[in-house]
Amino acid sequence: MGKEIEGVNKKISGETKLRVRYAETDKMGVVYHSNFLIWFEVGRVELLRQCGFDYREMEKKDNCHLPVVDLKIRYKAPAQYDDEIVVRTDLKRMSASLLHFSYEVFRESDRTLLATGETMHIVVDSKLVRTSLPEKYMKAFRDLTFHDPTFCDPTKNS
Amino acid sequence: MGKEIEGVNKKISGETKLRVRYAETDKMGVVYHSNFLIWFEVGRVELLRQCGFDYREMEKKDNCHLPVVDLKIRYKAPAQYDDEIVVRTDLKRMSASLLHFSYEVFRESDRTLLATGETMHIVVDSKLVRTSLPEKYMKAFRDLTFHDPTFCDPTKNS
Amino acid sequence: MGKEIEGVNKKISGETKLRVRYAETDKMGVVYHSNFLIWFEVGRVELLRQCGFDYREMEKKDNCHLPVVDLKIRYKAPAQYDDEIVVRTDLKRMSASLLHFSYEVFRESDRTLLATGETMHIVVDSKLVRTSLPEKYMKAFRDLTFHDPTFCDPTKNS
Amino acid sequence: MGKEIEGVNKKISGETKLRVRYAETDKMGVVYHSNFLIWFEVGRVELLRQCGFDYREMEKKDNCHLPVVDLKIRYKAPAQYDDEIVVRTDLKRMSASLLHFSYEVFRESDRTLLATGETMHIVVDSKLVRTSLPEKYMKAFRDLTFHDPTFCDPTKNS
């Protein structure tokens, strides 16, 4: 669901905020680049929470884990110490076995775009063996995007 | 220099080793994915050192910094605590203003490929303003790959 | 100022909240212990902000940095992924050249005490040479604790 | 066993080396202080390895984990990017339920002492319930320090 289809579906997206920690900076005086991946994680987990899901419970009760298998990030501008950061996360596509998120990271004060990125996740159990998202998650995401029949298709175990 | 041109040039590549730290693991029991980016950095800096360059001196004496502007990574298999890891780094292409590295991360014991990735870097000064690599670096890299006229071309400020 | 002297002075203390990130956990399934130091830093910076000071500006405009020179921490109970954490920070004592903070880290949900600690900081400039806090900071902290003549004594350059 | 008793026992101590990573620095231009705790962990694990123990196996096969419960560190001098670091680790005292390590962190080039510290560890199982070190570890450490009857005393479950 890279682009929103007008009047037809709803994007599953959300924003979360955080503040740059001193520990996240490096000797260049700006945020060390790998920390953006941790911010993506924060954005992703908060998006799931906004959709009604608690990733901690998903791991504990449903034995479903979502490791990253593919990641891209483009850095546009440096993040500075103590900046308030907005992470905008979109769930672009999902099936019972694969989730695809995209991200935009902004400095809040002037809404400068700092980075964009994407992550792909598979579904595994605690032994790291591939499994499927329980139907309750699939149904919930379908309900959230009910007008878009292609958005999440539980019959396709991509 | 994505592919080696037979009998014509030399790849600028190198390997470095490290051991997975407890701090790098997460509650899934494997290495948290953002740590691979730090390992890429270790591989890159060691490759520069093997080429005769000290990145610390490049920053301090030449006021040249190489921030990551674009990054891709594909995770193939999990890295485990205490694994000995090999990072193979290739300098794929460079100009006076842009460097392109690729990486392969292996578990040393069974040579399992854990991840592959690429990073693009621009050259900036300590104020984060774009600048060019001093000619001594360009010459050195040209000498290391002397048979390949296309590898690093100081006239192209890409 | 470990204990508040009734009717005489005010403690300089504050609370800040954060949520445990996946990246902060380790393979034991709980937060890796060094992350508590980063949370102390978050607590300390927010306490300064609550006192009217912006540590970023202190570094940039006043060329004052506060590196940790001594640190103690006692771990009482593990922090879990996704826990909401409260960091309570107290400024225990300060002079123009030395600051002493103490910390209590709680899980918010059940107010379990997870860790206690202390940090000592010296004041240095950007060259890491010892310097003194500008009088404006000393005055402000004196005003905040105005009834306690021993709390911060700018004549003692301890 | 803070001090060696001449002619009577052997200290259990060892050294390990590492190189400062860019990711470990902060905007003050030096290593962020919490990274020293990770280096302590590296030193501790290598000391156990030098004693014939593999901490990974201790966790996996013996279900023994050694979380830090108490930690002190004194910072003497900053560590710089790309410095080669020596971590000297001593096992100061142990029982079947408690281990006490001390550390000295040096810059290798000029043997400057950068930090000293101590950690206390309890022994827990994977559920974080207190347990005891298997007798094989106790015996091995007794053998390594065989002349010192007070060093590790398996009858004292401190």
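Think of it as A, B, C and D in the order they're written, each chain with its own count starting at 1.
Here is the rule we go by: contacts are C-beta pairs under 8 Å (C-beta built on N, C-alpha and C of every residue); 3 or more make two chains touch, one makes a residue touch a chain.
The model shown is predicted, which means the values in this text are computed figures rather than measured ones.
Colleague: Relative to subunit A, which chain has the most distant C-alpha mean position?
Modeller: That would be chain D.
Colleague: Tell me which of C-D and B-C has more C-beta pairs in contact.
Modeller: C-D
Colleague: How many Å are there between the centre of subunit A and the centre of subunit C, using C-alpha atoms for each centre?
Modeller: Centres of subunit A and subunit C (C-alpha means) sit 32 Å apart.
Colleague: Would you mind pulling out the distance in Å between where the CA atoms of subunit C average out and where those of subunit D do?
Modeller: Taking the mean C-alpha position of each chain, the two centres sit 27 Å apart.
Colleague: Between subunit B and subunit C, what's the gap in Å when you average each chain's C-alpha atoms?
Modeller: So the centre of subunit B lies 38 Å away from the centre of subunit C.
Colleague: Touching two or more other chains, which residues of subunit B qualify?
Modeller: 22-23, 27, 29-30, 34, 38, 81
Colleague: Provide the residue numbers of subunit D that touch subunit A in the complex, in ascending order.
Modeller: For subunit D paired with subunit A, touching residues are 22-23, 25-27, 29-30, 32, 34, 81.
Colleague: Can you list the subunit C residues touching subunit A in their complex?
Modeller: Listed in rising order, the residues of subunit C that touch subunit A are 21-23, 38, 41-42, 45, 54-56, 80-82.
Colleague: Touching residues of subunit D toward subunit C in the complex: what are they?
Modeller: 27-28, 30, 33-35, 37-38, 59, 65, 67-75, 78, 126, 128
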